[in-house]
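There are structures below to look over.
Two complexes come next, and they have one chain in common, chain A, joined by chain B in the first and chain C in the second.
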Partner chain A sequence: MNGRAITSDALLGMIPIVLLVAIWQALISFGYAPITLLPPPGQVFSRMVQQLLTTSFQQEIAATLFRLFTGFSIAVILGVAIGLAAAVNPTINTVVRPIVRVLAPLPKVALYPALLLLVGFGHESKILLVTFDALFPILLATYHGASTVEQKLIWSAMAAGTPPREVLFKVVLPAAAPSILTGCRIGLVISCIVVFLAEMITSTDGLGHALVTAARTFQAVDMFVPLITISLVGLILNGLLELTRSYLLRGFPEA
Partner chain B sequence: MIEIDGVSQVFQTSARQDHLALSNISLTIEDGAFVSILGPSGCGKSTLLYIVGGFVRPTAGVASMKGRAITGPGPDRGPVFQEFALFPWKSVLGNVMYGPRQQGIKRPDAEAQSRALIEMVGLKGFEDFYPKELSGGMKQRVALARTLAYHPEVLLMDEPFGALDAHTRTRLQNDLLNIWERDRKTVLFVTHSVEEAVFLSDKVVMMTRSPGRVREIIDIDLPRPRHRTELLLDPRYQKYIVEIERMFDDSGDDELR
Partner chain C sequence: MLRRAAPLLVCLGLLVVWQLASLVLKSDSFPTALEAIRAIPVVLGDKDSLVNFAASLRRMAIGFAVGVAISIPLGLSMGRSRAVASLFNPLLMVIYPVPKAALMPIIMLWLGVGDISKTLVIFLGVSLPVIYHSFEGARAVEEKMLWSGAAMGLSSTQRLVRIVLPAALPEILTGCRTGLVLALITMITSEMIARQSGAGNILFNALDMGQYDTVFAMIIIVGAMGIVLDALFERLRARLVRWSEPQFDIPLSFS
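Up next, the complex of A and B:
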């Protein structure tokens, strides 16, 4: 794709976002929503710029990002490790499969009260919840990718002298990379949602906490700032993951 | 020398029934010979190749190389598959260098050897391309170079040109023969094309359909180096082809083309 096509695609993609902001503004301009409850977008954006420059708000972002990254990273490491192990070892698969089936459909946020009681109100409870929630899509995608690696790739490597125990890292892992990265992408979106949710439920800091505090004190403008901030954070993180993905998968067809 | 002694292969079908794919195959392949295994689809000819490769264990019988039973894959036997099976995450150079690096050859040496091989298969200038950027014929050239790179004593070719168009196929057959003429490695070549088998081989092993048995072994006594245009006019070449096709006609193996 050439540069001009990318630019025009980006412009086309902006249309719904602009439209959404326009509807938001229209709701206020035509008097459907009182300004005290739904502040106009201009006011929210200028407040956001102002907030982004304050240390206290930056600390809220930092707290959220730290939990997000740590939880997501642990989920990636565990998910890839367990998924790979289950795909290549039938015994591990037999052990792992039932518990994955039981836990995967569970709404993990239901574990949050228990986590709070067990590990407290600090970072740990949020990180654990993010890990729990992001783990399963990554694990399942890794398992699927690793168990459908083309047999002849493995044979080619073994004939070239790769010992069986090295096939896992030299063939299975790179061959499963497209699936793994798709799982990571889903896991990352879930992580963004869950960290915010956990902070909204019970927290002493973070973007979710900032939103709830503002809502409880009827500060409508301050309520919208964390909301837009977390969507921007999600957008940037997803963009970074996409860059990583297209670099790692540069040799794969349809990547 | 490769010896296949009383090899049978039974597969379990999805309905949990036993399917006899190969029945009591015995075959000797001399060093330096170009041997084709010719048969209709589903006759188990690829399975026989996988057994020699050590990828599949025979249900009964033994395949051995230089008097030692084959128990697994090894760099003395290099496969080339119809599906190319190139590593998509590696460039052309990366794919070809894989074998030498696995053999413990230092990177600069492995790279020099690999570049020379890439040039030999006619892909100079494509070293940094990824497999997805190449045509089918080019991919199969890379796959051949990747296998030649670890110096196998035997090449195991599993319908290597089966997925290519007629023109590309002819060119690759010629190039394969030219490469083979240089060091005369043992080649075991699976195909369902009578012309391809006769053109390339010293010996054609004809197989019957399901269960696969050796039906006939035909020595191809044609001079080398072989040139397609000369052979096409050669009555001996024509006679081999007609003879083999008739044998398959008799057995009703009409799928063989």
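Up next, the complex of A and C:
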């Protein structure tokens, strides 16, 4: 793919977004939507810039990011560890499989009230919810990646005298890396969504709380700002993960 | 035999762990598993709550059906045409990290708290994974089959329906399965935000009023709905695409 094709693709991709903003503006300009219900895009974006510069809004973002990262990191560690263990060890596999089968399709948000009652209204309940939700995609992707490692690679490593424990870290883990990173990407998007939802349900800070406060006082402009912010946070984090991915997978074909 | 019974055993095991934990913790806000199970008939026996459940399920079914009907053709055409893909990809990437249920307060301002807003939110929640998986599925279709189809005089629409759709079907159904769990989650969260009717309304009202038996009974009911719906869909999937092994035999659930 040459540079020109990429630019034209990017331009093409801008069309729906620009169109959406244009329709948004048109709805207001032609008087279909009252400004109290649908603030004009210009007003929303200027409000957003203004908000981003205030310390209180920065603190909301910091609170959200803290919960997101803690929950996501725990999910990555647990997910990769359990996934690898289940792929390598048949005993662990038979135990983990049915548990995951039952827990994965469970709507975790419904567990949130239970978490609230058990660990309180602070950071912990939100972090736990993020961990629960992000865990399964990462676990499953790791398991899938590790269990489809080519057997020949493992045999060659063992024939070359690598002890079994090192085969796990030197062969299986790197070979499963593309799959694990795909799982992490899904888990990351989920984390963004879940942390926001948890903050909407009960919280005293964070972006989700900012949205709820705005909704309760019918500040339509302030309702759009947290939503656009979480979308931007998701995009930026996704971009960072892409960079990590292309760094970690620099030896892989079509990474 | 043991394989089939394993998920049931896991459910039982979880309930036992819960029972023991609650006996150890002895907290007012954490009823024992038996108490929660005893509260289930009380919740389900109430005529109002049955009406609520029916309303929830109807919204979920409509949102899911419309979401699937629109997303599959869109995803498939994105997978087959680079122009369509680069047209929609950035838009979808922007929308992805936004929690769909968080749009509820804004949509409520325009469409009211009724069925339309909730169904719309469910529709949005279902669409993204189905689009994504259809896109991936359509992209992986073997070119040779399409060339043969074209050589035999199929038009591009016919090729899409008769070659791409069946070839991508396993992947599409994986997306639908994720979408189904998502529809349930979005249903609960949307009802939690617009407390007017539905299962989420019962759950979070009970939480606010401190009726902890009901909270945990509802968690069991919603969890069971998730697991049963998923198992039913898995049956259907196995029938529709008998030729293909599931890549993940457990869905990746999103929020």
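What we mean here is this: the second predicted complex is superposed on the first by the 246 of 255 C-alpha atoms of A that agree within 3 Å, B and C clash if a C-alpha of one lies under 4 Å from a C-alpha of the other, contacts with A are read in each partner's own complex, and residues count from 1 in each chain.
Note that in this section contacts are C-beta pairs under 8 Å (C-beta built on N, C-alpha and C of every residue); 3 or more make two chains touch, one makes a residue touch a chain.
Keep in mind that what you see is a predicted model, and the values were worked out from it rather than measured.
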Partner chain(s) touched by A:Asp222 [first = chain B, second = chain C, both, neither]: neither
A:Pro174 touches, of chain B and chain C: first, second, both or neither? first
Touched partner set for A:Trp155, first chain B, second chain C, both or neither: first
Contacts of A:Pro98 with chain B and chain C, given as first, second, both or neither: second
Partner chain in contact with A:Leu116 - chain B first, chain C second, else both or neither: second
Of chain C and chain B, partner touching more chain A residues: C
Partner chain in contact with A:Gly251 - chain B first, chain C second, else both or neither: first
Touching both chain B and chain C, residues of chain A: none
Interfacial residue positions of chain A with respect to chain B in the complex: 150, 152-153, 155-162, 171, 174-175, 177, 249-253
Chain C contact footprint on chain A (complex, rising order): 9-10, 12-17, 20, 33, 37-38, 94, 97-102, 104-111, 113-114, 116-118, 133, 136-137, 140-141, 144, 186, 189-190, 192-194, 196-197, 200-201, 208, 211-212, 214-215, 218, 220, 223-224, 226-227, 230-231, 233-235, 237-238
Residue numbers on chain B that touch chain A, as the complex places them: 50, 53, 55, 72-75, 77-79, 81, 83, 85, 87-91, 98-99, 102-103, 130-132, 146-147, 150, 152
Contacting residues of chain C [partner chain A, same complex]: 6-7, 9-11, 14, 27, 29-30, 82-83, 86-91, 93-103, 105-106, 109-110, 181, 184-185, 188-189, 192-193, 203-204, 207, 212, 215-216, 218-219, 222-223, 225-227, 229-230, 247-255
